[in-house]
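One chain, chain A, links the two complexes that follow: it is found with chain B in the first and with chain C in the second.
What follows is the complex of A and B.
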């Protein structure tokens, strides 16, 4: 960074502005969606180079998880992408269940899909609200928060928390839903499709919105794949890759929904994809509610699911042969064992592909847990997307790839 | 440019469309709540301030000192100290403390407690001037319960004490037939 410092010094002492100059955007900039610092090299108002500096929200989630049991690690995943925490929980639980070979009851699977899709709508609503606010549309912000509030209330009824829900647990979900919650969800799915046109009336044809978003940061499908984009950012470039469809997990293969794809690859296309996805998510919740009535009274936790109070250390294996289904018996108490091995499970969260890679050494805690966070990859794509654009468009670019720094820095 | 194009350009039709929507919302029912005066009803099972259940029969807490909550707590914010009564050889809970500033409100403690002694109450308006104010000892936790239970319908039963839809055999025996307080 020595030449950079020299140029800055020169610019401060002498009145020379023909050389590129350097600006720090963030880490406390309201439009960086968290504590992201972008080091910009500018030529006039055009971005020559953009260099994201991350790590301001690093809490060491991956390392912390090695010192907690599997049940306790699930609570750390709440705090990754705190806007859609239910989706993260489901991804983690699926990984551990695959490692243990657990079969989750059908009712719990349906409830998980409902929680995932509720989180998706809530996340996209918050994204639309803040993205529109960054670009200059204040009213959409208020309308989106009105509807997100409704979803958070339903989460509160389901599991007692609004943001860090920790609704699933290994082998099922924490709690069954009550008839009131199902009624409220039916009401929501009735009402929400009428709310989406409201946002679209406000911004979809608004000429300021169109000028700020159309043709900005165009990424072709090939480039998007090369950059490692996933989720709506990839589908906005015309690549119909959705893990819910290509690698179905839970009950997604039984559900009827479309993969939202747009082909322009600009900021506007990514916005259109997310609007379509909200409609599809609403459809999915509706179908799940219909399926839920067929599983009335069934348990929501697998029979051989581990307790919340899991042993941390190496489980001493007694002389007796292991129970074929339930694991090992220690002092008369049956303990399911997380076997040695490694597993990678990717799920489609609102931001993109969230993967959990867990290496287990047979103890009650992961030997290593690696999180493949979509936000981290998306931030690394920002420099390629914003080079040659104006500084003001950088705000639109940051918004359009939908990043959450809690997930990126972990 | 087509005739319609000029028309929309001059009269800002799309802006007017948006404005008509916001104008209509002027007469809609407000969704905001005037918070300190009005309050939103909380869902049962909301994970708020901690409390130790005061048993209506004995007037004391129900804790048996099994350390399960302290063990399951992912934030390690529960501190328990027990000793044996020299005569009856029964376990006495000498110290039961919760550091509310460390707590992440996951609700694991109330779910694993075999005697439903601890609860995360549906009470969220609390604050303190120092860290000590939010470090609850046993007396404070029982006081939290007294403050909370007067606002509730009796008998009170927290959904996390026996989560809905969990198979009975997964629960500890005293929890299966537990009743409200």
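What follows is the complex of A and C.
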């Protein structure tokens, strides 16, 4: 980076220069969705080279997780993609449960699917809001927030938290839903499909919007796979790959939903995919609510689920080896024993494929937790998508791949 | 001729030509400034209502004192001048923008007896001053010596040059129909025409003028020079405090002046369906407020164009349309 800075300095002081025009976009920039920093080399308004720099939101989640119990690590997963935290929690829980061989009760599974899909709608709403704001449509932004607020209120009713919910826990979910929540969700699923056309009338029939999004940053299916895109960004290029359908987890195999696919591969196609997905997610919530009434009174937590142990102090890693059966005992409470082994579980979160790779050495802590974050991969795809486009398109591209820096930097 | 007569003559001259104009100009500028302040308030309230929120409601009853509070805040803020800027250019750019915008008011008649300077080439003066006000933008972008400002300034210059042409060509039709560049004569010509306003026979011209006026004042969907999401704030990214506010003032001045020109050239000026006794400029204000509301409405609805698309729209659609309008107007004028 040093030579580039020198060039910029030279360009600021001298009258004539031969070097390209560099623009440093971010980390504090309204359109970079957090603290993404892009280094742009411009030729007029055309991008010659784009160089993303990440790490401004690095909190060491992977390393931190090695010093906490499995139950505590759950809270770290909230902070990955903080827009859809419930979906991250579920992915993490599935990984740990697979390692422990836990069977999750059916009611808990249904509740998890509801939480996941609510998170998906909330995430896509926020995505639409910011994407529209980036392109300049200000009103859509506030309409989306109005509806997202409703979802967050329901989350608050379910578990008391709005953003970082930590609603699922290892072996089930934290608490059962009350009838009021179910009523509210029914109301939401009734009302929400009517709200989607509201956004579409504002932007979908708008010629300026179409001009700004159609044919921009076209990625073919093959390229999308090569770039490692997942989720809606991949499905916008015509690859019908959805982990909920291809590797069903929870009760997704019982549910009737369509995998939203568009074939154009441009910004507009990715937008269409997400709009379709919101409708499908709404359908899924509706089906789950119907299934929920059949499991009234059943437990929402597996019997052999590990206790939540959240000591106030900092856990010091004990020097001695753990007790083979009991594991560690901290303040008289046994920490759950997670057997030795390694596991990789991938789930379909709103942004794409979120994978948890956990290596356990049989202690109460993960020996290593590696998170495969979709945003990280998507950021690496941005240069390939935006080179040769204009600066204004870069904004549309960043919006269309839907990145969250909390997840990328971890 | 003794001294007293000379003094009287000079006094008479001053009162007649300079004093009255000064008073008129002052009244006009103060009233327009008040309009500008409350245009920002109206914009925030109207857009708030369109976006299902409330808008400012803290300062004064229903937030009515909000613009005054904003001005006080901006006046008391620190005026920062970055190190690497071209100081004189940086300092003077906002004033160029504002003065050019405000000077156009001098030739605009609010009513047939209320115009600061009734000149015969008023329309040309307005066009010239509106191009001049873009110099402020370009110089601000250039003088800031910042990457974003530079891009914003370049965009502004390209945009203003291309839309200036479209706007002038759109007004040519009006000139042909009225046979004059004097704004009072233009209004009178409209009243004598069969439709009472030029917006109907000049519908293409009116459309081109409105689009070009939005582009000329750098408002959504043509707010590329200050594209928030790409260039942060574009040409005035380095400005702070009152200098920053001056750009805003200039933008709203531009908006109001353009709306006034549209009212006078296309919507029949101060004439309405029936005269309102006591307030001769009532209809002028009604039409003006409607056009300002239109500006705000457009801002709440539309996304932003891309730079090359704006240029394409200007050169490929608006300018040919305006030329076509001139041909049609000429044909009608010859045949009728």
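The definition used in the following text is that the second predicted complex is superposed on the first by the 367 of 410 C-alpha atoms of A that agree within 3 Å, B and C clash if a C-alpha of one lies under 4 Å from a C-alpha of the other, contacts with A are read in each partner's own complex, and residues count from 1 in each chain.
Everything that follows uses one rule, which is that contacts are C-beta pairs under 8 Å (C-beta built on N, C-alpha and C of every residue); 3 or more make two chains touch, one makes a residue touch a chain.
Predicted model, so just to flag it, every value in this text is computed and none were measured.
S.K.: Check chain A with both chain B and chain C modelled on it and let me know: fit or clash.
M.R.: fit
S.K.: Contact-wise, after the overlay, does A:300 reach chain B, chain C, both or neither (first, second, both, neither)?
M.R.: first
S.K.: Look at A:176 in the shared chain and tell me whether it touches chain B only, chain C only, both, or neither; answer first, second, both or neither.
M.R.: first
S.K.: Quick one: is A:146 in contact with chain B, with chain C, with both, or with neither? Answer first, second, both or neither.
M.R.: The answer is both, since A:146 touches chain B and chain C.
S.K.: Touch test for A:390: chain B only (first), chain C only (second), both, or neither?
M.R.: Touch status of A:390: second partner only.
S.K.: Considering only C-alpha centres, what angle arises at chain A between the directions to chain B and chain C, nearest 10 degrees?
M.R.: An angle of 90 degrees, rounded.
S.K.: Output check: A:202 vs chain B and chain C. Expected answer is one of first, second, both, neither. What do you get?
M.R.: The answer is both, since A:202 touches chain B and chain C.
S.K.: In the overlaid three-chain picture, which partner chain does A:107 touch, first (chain B) or second (chain C), both, or neither?
M.R.: First partner only.
S.K.: Looking at A:163 after the superposition, I want to know if it touches chain B, chain C, both of them or none. Which is it: first, second, both, neither?
M.R.: Neither chain B nor chain C is touched by A:163.
S.K.: Between chain B and chain C, what minimal C-alpha to C-alpha distance in angstrom results from the superposition?
M.R.: Nearest C-alpha atoms of the two chains are 5 Å apart.
S.K.: Just which bits of chain A does chain B share with chain C as contact spots?
M.R.: 139, 146, 202-203, 206
S.K.: Of all residues in chain A, which touch chain C in the complex?
M.R.: For chain A paired with chain C, touching residues are 12, 21-24, 29-31, 45, 132-139, 141-143, 146, 202-203, 206, 208-209, 211-212, 390-395.
S.K.: Residues of chain C touching chain A in their complex?
M.R.: Where chain C meets chain A, its residues are 47, 50-53, 84, 145, 147-148, 151, 220-221, 223-224, 227-232, 299-309.
S.K.: Going by the contact rule at the top, pick out the chain A residues touching chain B in the complex.
M.R.: The contact residues of chain A facing chain B are 68, 71-72, 75-76, 107, 139, 146, 149, 153, 156-157, 159-161, 164, 166, 173-178, 198, 201-203, 205-207, 298-301, 303, 305, 307-309.
S.K.: Contact residues on chain B for chain A in the complex?
M.R.: Interface residues on the chain B side: 14-15, 17-18, 21-22, 31, 42-43, 45-47, 68, 71-72, 74, 104-108, 111-112, 120, 159-160, 163-167, 169-170.
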